[in-house]
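Everything on this sheet refers to the single structure shown next.
Letters A, B and C name the chains as they come in the text, with residue numbers starting at 1 for each one.
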């Protein structure tokens, strides 16, 4: 059954896939970070907080706005960018160089990274492989776009 | 330098008597009721295993290490009972706020957990399936030659200091061992990549090495950590992110995605170490500012050395054609600004306030422009 | 003590102008593209093993061709790179291959990287819940763990001290030492964790063994350090790990000792290979190493005064503190002590120093001990 992006259900679906591939995520190592995803459209944004702990996504919830002091970092992008990323993942099985989180966010041209503390920002890179593999799980679910 | 024992024990009757006593069944058992705290530690989170954090208990815990460690200069395990005459190992770093970071135990656990193996975790054969055009491969070879220089220095820094740090800071020293392994692994993967593409190694960088040595040979650990763990690690993190974003091959992307994890951990420690240092020794603000006044110029030397700058331009633009070089310059200009901005952010939030206003770097960066 | 770069990049107008010019115009220098270095194409000899340092042992890049005396690189340039004028001197103390080389170093390193285990997650600590060892066993185990956590880190500190003093051309040796440092931090960690999960905490420090640690730390040369650390000390500790695995009161302890002995065997392997290499290639060092062994063995024998360790072994080996237990414990521990010394001399002999026995006072002690044990009916 398809899940809609963006939605809590989308992230819950990735969470389920992550649990099914625990061995892979275990091999990558601990991931301890809470970050936010913001998807902008028509002047408004939908915001999701994802809390990762040890080897799993512990919780995900939608919130009206993001307090940067409560997250390590926030990835902000418009719906078009996020959609392109997910469609790229679904086409290729994993994001290609032009569409992975690091590339999209690197110079702030497609995704912007907001953070309160550089230490929080650095967590994106400390756990990059796990975070990317998490989003790459989109290749294993059906997604439609609001 | 050599140490000699206080006597020839093979001729010492005391030793022979002790051996005979015990071997006759007369156990002294002086250790049996050791005057130490009795605890039974256990994991708080079974998924995480038994961490150093779980054992931060009483006299054994790192939280109870005093600011100045005056009572131990040997390798006696923290919390064990000291008896007899113990040698002096010559530690010169005995002050917690000279080396500590509140996140050091977490980072140590993370380093162990997030280990990887260059030999098998990089899809080397992909370079055989899709070799790069020659200019791009040569640029990669040069970049990876430069990065090996950086890792040789990154490897030397914790090695220089670990044996000089009081053994009571066991968690800190363990993290430094993890740093050594991280650096050797990065040295390995960069060397393997530089050679695997077939272009051979490039040229060592006089400018970069001069700057790197200045950082490595800092007088004190806090200064050296500021330079190597915060500044250099931050610059390298920015480089790895940039190259990953413009990766010419799957191999390069894989390498840089893994490398950035290690570099970010190092930068995180560097930030935490500076923060802890300034929180506990606020008077050091001025001297660290002066230290940076003297050697911040090396940031320019590293970012501007042709052995880094030009390969980055070629890689970012994907070649040597005029348009490609222009694209490359624009991308590298963006990278330089990100790297410098983040450097100042780390210093500011670690408590070295208003460095960006005092530093001469910003003025140089502002002069970078792209024409044509 | 601080080093100052030969350039102050803020003041170097030529450097700054060139940088800005390059960025503004795109006129790249590209002289680095003409680096006079060898072009090689390594291959994975065994794809299951991946791309190893051994695969890179080609031409000027390889470790095989590193000369006995490294004369042309004292900087931070990686081996085989073009080295221009003006690179700084990294001040290496050791630029002589036979001072540090060992056959198979690169493989020891690759093995270390591939076989890293995690003291936090690879030991089933939760299975200790509810495990209550008898007091004598628990305290003896804690004392053993206290000793081991105390001594392990010397094998981080000491080689790490030498690491920055080694010429950067010896990449594989430097990398091996980095891996060893991490191995020993892990050992320190696992033994500390085990002591703190027994219910007894840490026990008593070992002043006699602290003296040994100081001796290891303060060697005059890398070879002397290595023979005392890798060969003598770690050789003894390897035997001790095997003995401890045999004595382990729980399967958790058995697992701990099996894992640590893998790492230790690697370090001893390097030590043996290096010892052989230095004797073969730097024969003038033989007498120097004999002299260092004289002191290393003196201190090793002094370890007999570490009754906190011997007594713990006796109690663990005998299974308790009653008279019969102690007698059995003494028999087994005596066998271990003698085996430890026997293996020490076997290693030295295998590595090319068979004459050590004739010179060694420790060997005389060993023979006396062996004779006494045989007389007491202990099978040695």
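Rule of thumb we're sticking to: a contact is a pair of C-beta atoms (placed from the backbone, for glycine too) under 8 Å apart; a residue touches a chain by one contact, two chains touch by 3 or more.
These numbers come from a predicted model, not from an experiment.
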Response to the item:
Chain centre (avg CA) closest to assembly CA average -> B
Practice prompt. Name the chain whose C-alpha centroid is most distant from the C-alpha centroid of subunit A.
Written response: C
Fill in: Cα-centroid distance, subunit A relative to subunit C, in whole angstrom
43
Worksheet item: What is the distance, in whole Å, between the centres of subunit A and subunit B, each centre taken as the mean of its C-alpha atoms?
Response: 28
Worksheet item: Can you give the whole-Å distance between the Cα centres of subunit B and subunit C?
Response: 21
Response to the item:
The positions of subunit B in contact with two or more other chains are 48, 109, 112-113, 115
Worksheet item: Which residue numbers or ranges of subunit C touch two or more of the other chains?
Response: none
Practice prompt. State the interface residues of subunit B toward subunit A in the complex, per the touch definition above.
Written response: 45, 47-48, 103, 106, 109-110, 112-115, 237, 241-242, 244-247, 250, 253, 257-258, 260-261, 263-265, 267-268, 271-272, 331, 334-335, 338, 342, 345-346, 349
Item to complete: Would you mind writing out the residues of subunit A in touch with subunit B in their complex?
Response: 28-30, 32, 54-55, 97, 100, 102-103, 106-107, 117-119, 121-129, 132
